[in-house]
Amino acid sequence: MKKIINTPEKFITEMLEGIYAAHPDLVKFAGGDLHCLVSTKKIPGKVGIATGGGSGHLPLFLGYVGEGMLDGCSIGDVFQSPSAEQMLAVTKEIDSGAGVLYIYGNYGGDILNFDMAAEMADFEENIHVESVVAGEDVASGAPVKPGAKNTRRGVAGIFFVYKCAGAAAAKMLPLDEVKRVAEKVCENVRTMGVALTPCTVPRVGHPSFELAEDEMEIGMGIHGEPGIRRGKLMPADAIVDEMLNKIIEDLPYQNGDEVAILVNGLGATPLEEQYVMFRRIHQVLSEKGINIFHTYIGEYATSMEMAGASISLLKVDDELKELLRFPADTPFFKQFKY
Amino acid sequence: MKKIINTPEKFITEMLEGIYAAHPDLVKFAGGDLHCLVSTKKIPGKVGIATGGGSGHLPLFLGYVGEGMLDGCSIGDVFQSPSAEQMLAVTKEIDSGAGVLYIYGNYGGDILNFDMAAEMADFEENIHVESVVAGEDVASGAPVKPGAKNTRRGVAGIFFVYKCAGAAAAKMLPLDEVKRVAEKVCENVRTMGVALTPCTVPRVGHPSFELAEDEMEIGMGIHGEPGIRRGKLMPADAIVDEMLNKIIEDLPYQNGDEVAILVNGLGATPLEEQYVMFRRIHQVLSEKGINIFHTYIGEYATSMEMAGASISLLKVDDELKELLRFPADTPFFKQFKY
Amino acid sequence: MLNACDIKKLMQCWAEVMVQNRDYLIELDSHVGDSDLGLTMGDGFTAASNAIADLDESDIGKLVYNAGKAMSTAVPSTMGTLMASGLMAVGKTLKGCTDLDMDGIVSFFQAYFDGVQSRGKAQVGDKTFLDGLFGAVESLKTDAAANLPLKEAAEHASQAAHQGFLNTKGMLAQFGRAAGRGEQSRDLLDPGAAVADLLMKGFAIFISEKADSI
Amino acid sequence: MLNACDIKKLMQCWAEVMVQNRDYLIELDSHVGDSDLGLTMGDGFTAASNAIADLDESDIGKLVYNAGKAMSTAVPSTMGTLMASGLMAVGKTLKGCTDLDMDGIVSFFQAYFDGVQSRGKAQVGDKTFLDGLFGAVESLKTDAAANLPLKEAAEHASQAAHQGFLNTKGMLAQFGRAAGRGEQSRDLLDPGAAVADLLMKGFAIFISEKADSI
């Protein structure tokens, strides 16, 4: 385990101290607890959007708190849900009368705690809370059937949910509309990842799994959850083809569709390699007659020092395009209107 | 060597194809050569700013081509200078009558080629070219004495040179003024890095050096050039203290000074760890009475998949603060006016 | 009969068992999930135990409730939150009790089971913690009805929990990270059920030590 | 006497020597710089050789100039650009020559040296390629004045280049990545000077093979 940290126990506290010290203009903490991060800008009458989840995925989750995106984020230990109390503290701080939308990933711990927090917010604080749970990793669980439980992991695609719901809230849409937008994005986004190396939870002290020098795992989750297939490392084009085919079949994305794309590095994969991947994505989509509306590329949802990448496709219509184009200004994601 | 590529030989070409496919609104290539990247926006009468250098450092160098920053970039193979012909092609494309400023790092190959290109631009194309060579790595060479040759490597601090000179050019200042700003930044910026793991040049196929599981190298260059000291991996605070002391003594930065800070990940170091480092930087500077004007943190100049980080300090005055605040919109660096 | 002091000791015994089995739980969770279960259970039960160790409180319900709250803030993972929900439910059920006889002990574990179930909404057979605890609670009920000595009943409950844990192999996971693996999940033992196994093992050890020391 | 055909063979011989010593140069450069020298020299001289291999051209100057230009676009690294500058200077100097006698050969290497120096602005003693080549050029001059046979002169020049390379240990680097290391650079052999050593070694092999084949 080679990390620039002081002690595993103080890792997240010290990271948070660094964040508040680095961005005093953008973020502050609520309730005297560093784990309850909120935007310094509160807009009266705007729906508040809160997210939360374990640490170790920067810029996810807290890096998207800012104008045009999220209003607050509760932060857990590495790969650990924050507590319901912390979620509640964020909720109270960001509510400005129009209610609060929780957007988070489909993980047991997060669900239990956000449910508990929503109950507390409703009963104790009289804040109207709605929740949207993102789960779009096609390598986990079966395609979601209407009405059935979604067993898929939420991974990098949640960025699109934040972006569109954040823009909808910034346009002062009411809670039910912001929720509808978030759900629409969830329905239209699909992700798949590949891992080349593991990552180490500091307090565990050793990698959570092993991959031989010539192996990769297709479909691995961002906490190292097993994927679909472990095999020899393949050329970039073959990796992309395998991932992209799974993604495209799943929705399915079809000839004539328009998509936004997110190529996401998991932590240790250079941008150079992500562009090599995007080259192939562009080729395949062109062949299939799927049009690219806009491309996002870089590290959006990581797994600390894991090497690997994920691809997310979002099928867009005029409404989602307009929301994607909307400007955003957060510690990690800045975008001028395009 | 675990990389998502097709073949080492096609790595950079395919990366470039990916870049043009991903950002067709922002960048295009000149002279029919993918290695000659220019902005799609050309502003009549504006000083053109060109940079260039080897690949493997994304977002450096080409990622900063865009509004408020650079106009063009010639791109070499991994850690290799582009050729003088390629630099000339970029120069011709971005000149709009006000002359062109070359800003690049202090490396032998780049100097020889940029010198050759500047001669060709002057003689063959009648384009007035000036050059500023950035070299601010305090771990390499002695402090620069006025008039003497600078033997220091140029590393992440060049970001500040781009930012300020880019803003000066965007404000339509003339070539000599833009050059003055660039030189002023060079004089006031210092950087030092630390490496935890090596990186592999794809065509070499094995890491350029080895570091034991419990070792780090303080002061290592972004191509794996040897640093000041190899030793046992230390706690984050001790690493920061050692780097920061060297940096602070070098200029020196003093009580009452105001600085902009860049904490830069070398490729595989998670943002979480960079914030742990920044926490300590913030503490030390507070103790020394050095005020922080603004903090940039993330991956700005990498060494592919190298684990490690660098710290850059820029001493600012009112002029540089105004230029830093200026907005920028490039594929990798976006900033609203602050 | 167990009093508040015994409950504190039981909680400490659980903390020790979880800490001792840290690597075992990490290993189990590493095949299914995120390898954290050893950390969360060790920390969570330690926090729960520490929170009440020095409380001057004879109300067993209040003690256990506070232990649960401490667990909930200390380790808000799936199992952390579920264990907190279980303990808090025990607390609510046993509020006002200062001594537990055999029926009280049955109520304790029944409430624990119900608290976990109402928070997590899983059913027996869904390959969760519940599958480990379910048989143990049933065994306690049977042995209580048969008036067996506590030490023997605890032994049986521990065996039942262990069997419940082993039986999770073959089940299809419906919850947690394992659910994402679909049919592949059948081959694996459920880590949460292993916690139920350890809980009942800890209980049996505690009871047997208590019996020996009298 | 060397004609255009010999020059093509010499260039091919250099390409082969550089390719064979790929790992040796990478290793040397890894201690000082960025480990690329083996790649750039192998590729650069191969490109230079390929660019002229099929040219129907008897003008030695034009041949070498074209080889230099090919090198310059193929490998724009420090040494690539310097070697290109060297070859292009040779080309300019020997423009119009179709045969090289001993004096012509001296001019060839003198021009190579001058071309590298005027591009890179280093001095002998600055721990660069020049320190490898300098002694070789001097040796050629001496042997030419003494009318020694070419094969012997080439051998001496190769030895001088090798000695020049060895002598870079102890020098303080003023250029390239090594300069950044200050006093520490003294302990290291200069990789660029190793290229000069290989160039003269290749030249000697080429001459000796040519002599043997007559």
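In order of appearance the chains are A, B, C and D, and numbering begins at 1 in each one.
Here is the rule we use: a residue touches a chain if its C-beta (ideal position, glycine included) is under 8 Å from a C-beta of that chain, and two chains touch if they have at least 3 such contacts.
In this text, all values refer to a predicted model and were calculated from it rather than measured experimentally.
Comparing the centres of all chains, each the average of its CA atoms, the largest separation from chain B belongs to C.
Averaged C-alpha coordinates put the centre of chain A at 29 Å from the centre of chain B.
The geometric centre of chain B is 33 Å away from that of chain D, both derived from CA atoms. Per-chain Cα centroids separate chain B from chain C by 56 Å. Working note: touching chain pairs come out as A-B, A-C, B-D. Note for the complex: chain A touches chain C at residues 76, 79-86, 107-109, 112-113, 116, 137, 140-142, 149, 151-153, 201, 203-204, 208-209, 221, 223-226. The part of chain A that touches chain B in the complex is made up of residues 2-7, 11-12, 14-19, 21-23, 25, 55-56, 58-59, 63, 194, 196-197, 213-214, 216, 233, 235-237, 239, 267-279, 282, 295, 297-299, 302, 304-305, 307, 309, 329, 332, 334-336, 338.
By the touch criterion stated above, chain C contacts chain A in their complex at residues 26, 30-31, 33-36, 39-40, 72-73, 75-82, 85, 119-120, 174-177, 179-182, 184.
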